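Each of the two complexes below includes subunit A, the first together with subunit B, the second together with subunit C.
Right after this comes the complex of A and B.
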């Protein structure tokens, strides 16, 4: 096992720097685009149509701060593993263990949410074809197992395919918007709810909607996972990530516009597949087929990427002995983290088969939110331990500490948003992380090699 | 001298894996399964509902029909369901304490571990 692990480490050191800003953009948009196809609309359910749009833009501001901060730290800690590697070098092992868990839980819950959506989509289409009451569970199980098997066998081909089907899903949103604008819908766009019932929950609804507003962009920070493979991190990471956020902001606004105009907000706030539902309302069979394929592609691509990212985060923690080293093994033939892939399958299945979509999404959002909160003090500690000029930074973000403070403020508002309606899940999730942290510090940490946790060629941090 | 971690046997690793699995399912899934967590959205359906009483204009009625809700009665529960955002300040303060407490706990315990990492990587300052 140790030989294969060492071989994997050697292989990682040799990763080629071949990616440009366009690749970074594609990576970010590819992970996140599914957020336009499902989940974002629960923000409309929590606050109404206007609140959904405000949440979309405020969440865009949150992710702009995330991109600014992450671009500086990642272009300096240019190691595979993204925020996990950052936490090891800047805050400490327990924080890194938590950040690793944030990544695993956010991606595994997103994978479960994608599988639920595929089952729901097929059930809806079966109902439209006169076969109502389709059992969704076999399709959910099949989706997770098939994608896990693909990842087990190696993902190069499937990730390349991901790029194509994500592009298709993006074009489908544009085509739907243009078609509706040019009269392809049998039912007119209607925004009367904006004037008749703009804020059904008052101003509190705008804050509450922020909870699911994050779903429009959740995962864009995954661009930083590719830091080791980017030709010019200083230029490519901030440019690619910011371009990705701008693309998603446009796509999110178009999605809100079409869905809010074609679907009553009370339905939209509960819809499992809002863009496909918007196509159904148009009565245009071509658009229905297009958005059916778009939804299926976006969810499949996202679930595939999630299995890839979650298993690699779990594998990294196994390799560092934060988890049993058994997970740090590489498959002798396929060279994939096969044990981590297999271990996470039952967890994804349990939540995909036994929990409602909005609650699975909430678990994913909460893990992401905890990760964004970490970024705020991580940034401050990074500048304090290694002030500007003491180490070579790939990129220095402007106006420090304003982005960190703004990010902290929006994170605080989002915790309150989750508390409104989903407070018990917030407490359940934090209980999970607190117990896991105590388990790590008082038991698991004894198996960790201390000095191996700091690998960057930096001077001693100030204050230590 | 560098810290030498103990070697963990197969049984110990299996126990750790089992603990993680139980922790994940116990803390996250069990509250959902027992109905202790979830969205507090409750329908308040009208008696003898009409589209007008439910505040739906002609265009919205067309939209509901296209979505498989042909009459007001079928959409009654969905249209009238609302979240209850009344909350107690005590619950809000408890939540804030738990969130802040969690980060304080993790950063403080990390700090202790980080000092060991730095001491081993760069050498003890006293030496």
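Right after this comes the complex of A and C.
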């Protein structure tokens, strides 16, 4: 009997445990760094230079709270699906289903937005070289398919690739900053607008800028999705996540500084590729090439990381039968969730080819924001049910419950900011999640093996 | 026709090739291996063997 059990256990397929802290860093920063290369600058358009800087740091504070909270919970709940697995163990099945959907929607739409951006970048280059009317579709489709194939073939190769291109894109920002500081730019830094037009749209401009301030850091919580594939989750996840948020705080501040100093805020607020545009303003062709490659690499790294994360969340939900169990399959050679990776490709293509970029980005931000709101009460419930000293934690974040309360406060302000600009989309998104919740509660949950979904060998929670 | 037109055709061809490789491999795996084995992954296996959650 014991031999049969052992044989069955040996035949079990699981995801491959090959990642280290560097891969976790590459996953988190790789998804996010594209936000420094584009998108954040709309915060300057909403409220001016000062509002852009306030949004940068307030969003930085929000994401520092996210990184600290995530590091503590994930170092304890080391399972693919990240926040989905956390919600399942700490809050309950309906919350877990919603969090899983938030993750899949946020990452799939971000992947689509990145593919659209790569098409736009190639169109820009073709235009600069004298070719007008480039058909962007084949390049968008190739980006999504090639990265899906890389993810299909194995997590080690895909995240090692992410590490290299993300590190290049980060170093490119540092080189631009140092070059401008040491006189490589034909145009000097000019911050006169800070005193001449500090807040062109008043204090409301700062609130409105918050929406796009998230773009500097959106996705750092994606490090949790690697939980089941790292060699030492309790060590690697907190280390990779905290190193990631520190990298992003540096990159975000340098980006604001260089771009705001080189580009007039009225133009910066509408620029498509602000860091590349800043390099063009310097008149230095070496910097232009460097920042163009940095933009392309950051975009590719983000799409690659998004495929990794969305597929892990979808796979976890399939494995628990929150979705058809067919999605819970692991490739016997590559040890990746191959059916989930393939299934999400056409969904990403539909968004990339059929929806405008700003709508795709907004839906991605909204799904992310709903996930951050969940983290606040998830953290409070986690500490209440399993106080410090009852289970082993890889990392304990300081000043609890202050980070959770701060996160909730900033989430509330950001909902208001999103409502100001995209109220219809906010209501549409909430309606979608309510309908999906009703479907799960009244139909899908009957297929879930209720006893099997709670896998952590924890003691009984306080109060139960 | 310039180089960008050729690149467009190359991108279409590569996309079709990558999609075909991925789908064929998926079909081969699904028809070669038992679905019970492919979906045998369970959450928390590491927890049971390595992470004791004991202080």
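To be clear about the criterion, the second predicted complex is superposed on the first by the 409 of 464 C-alpha atoms of A that agree within 3 Å, B and C clash if a C-alpha of one lies under 4 Å from a C-alpha of the other, contacts with A are read in each partner's own complex, and residues count from 1 in each chain.
Convention: a residue touches a chain if its C-beta (ideal position, glycine included) is under 8 Å from a C-beta of that chain, and two chains touch if they have at least 3 such contacts.
Quick caveat: nothing in here was measured; it's all calculated off a predicted structure.
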{"item": "Partner chain(s) touched by A:326 [first = subunit B, second = subunit C, both, neither]", "value": "both"}
{"item": "Touching partner for A:167 - first (subunit B), second (subunit C), both, neither", "value": "neither"}
{"item": "First, second, both or neither for A:145, with subunit B first and subunit C second", "value": "second"}
{"item": "Partner chain in contact with A:194 - subunit B first, subunit C second, else both or neither", "value": "neither"}
{"item": "Subunit B or subunit C, by number of subunit A residues touched", "value": "B"}
{"item": "Partner chain in contact with A:363 - subunit B first, subunit C second, else both or neither", "value": "first"}
{"item": "Partner chain(s) touched by A:380 [first = subunit B, second = subunit C, both, neither]", "value": "neither"}
{"item": "Those residues of subunit A which subunit B touches in one complex and subunit C touches in the other", "value": "325-326, 453"}
{"item": "Residue ranges of subunit A in contact with subunit B within the complex", "value": "45-46, 91-96, 98, 127, 186-188, 190, 192-193, 196-197, 200-201, 204-205, 208, 262-264, 266-267, 270, 277, 280-281, 283, 321, 323-326, 343, 346-347, 350-351, 354-356, 358-359, 363, 373-374, 377, 415-416, 419-437, 439, 441, 444-451, 453-454, 460-461, 464"}
{"item": "Contact footprint of subunit A on subunit C as seen in their complex", "value": "2-4, 8-9, 11-12, 14-15, 18-19, 21-23, 25-26, 29, 33, 35, 37-48, 51-55"}
{"item": "Residue numbers on subunit B that touch subunit A, as the complex places them", "value": "2-3, 5-6, 8, 10, 12-14, 16-17, 19-21, 23-25, 27-29, 31-33, 36-41, 55-57, 59-60, 62-64, 66-69, 75, 78-79, 81-83, 85, 87, 91-92, 95-96, 98-99, 102-103, 105-107, 109-122"}
{"item": "Subunit C-touching residues of subunit A, taken from the complex the two chains share", "value": "11-15, 17, 76, 78-81, 85, 126, 129, 131, 134-135, 138-139, 141-142, 145-146, 148-149, 152, 228, 233-234, 316, 319-320, 325-326, 328-333, 338-339, 342, 389-392, 452-453, 455-459"}
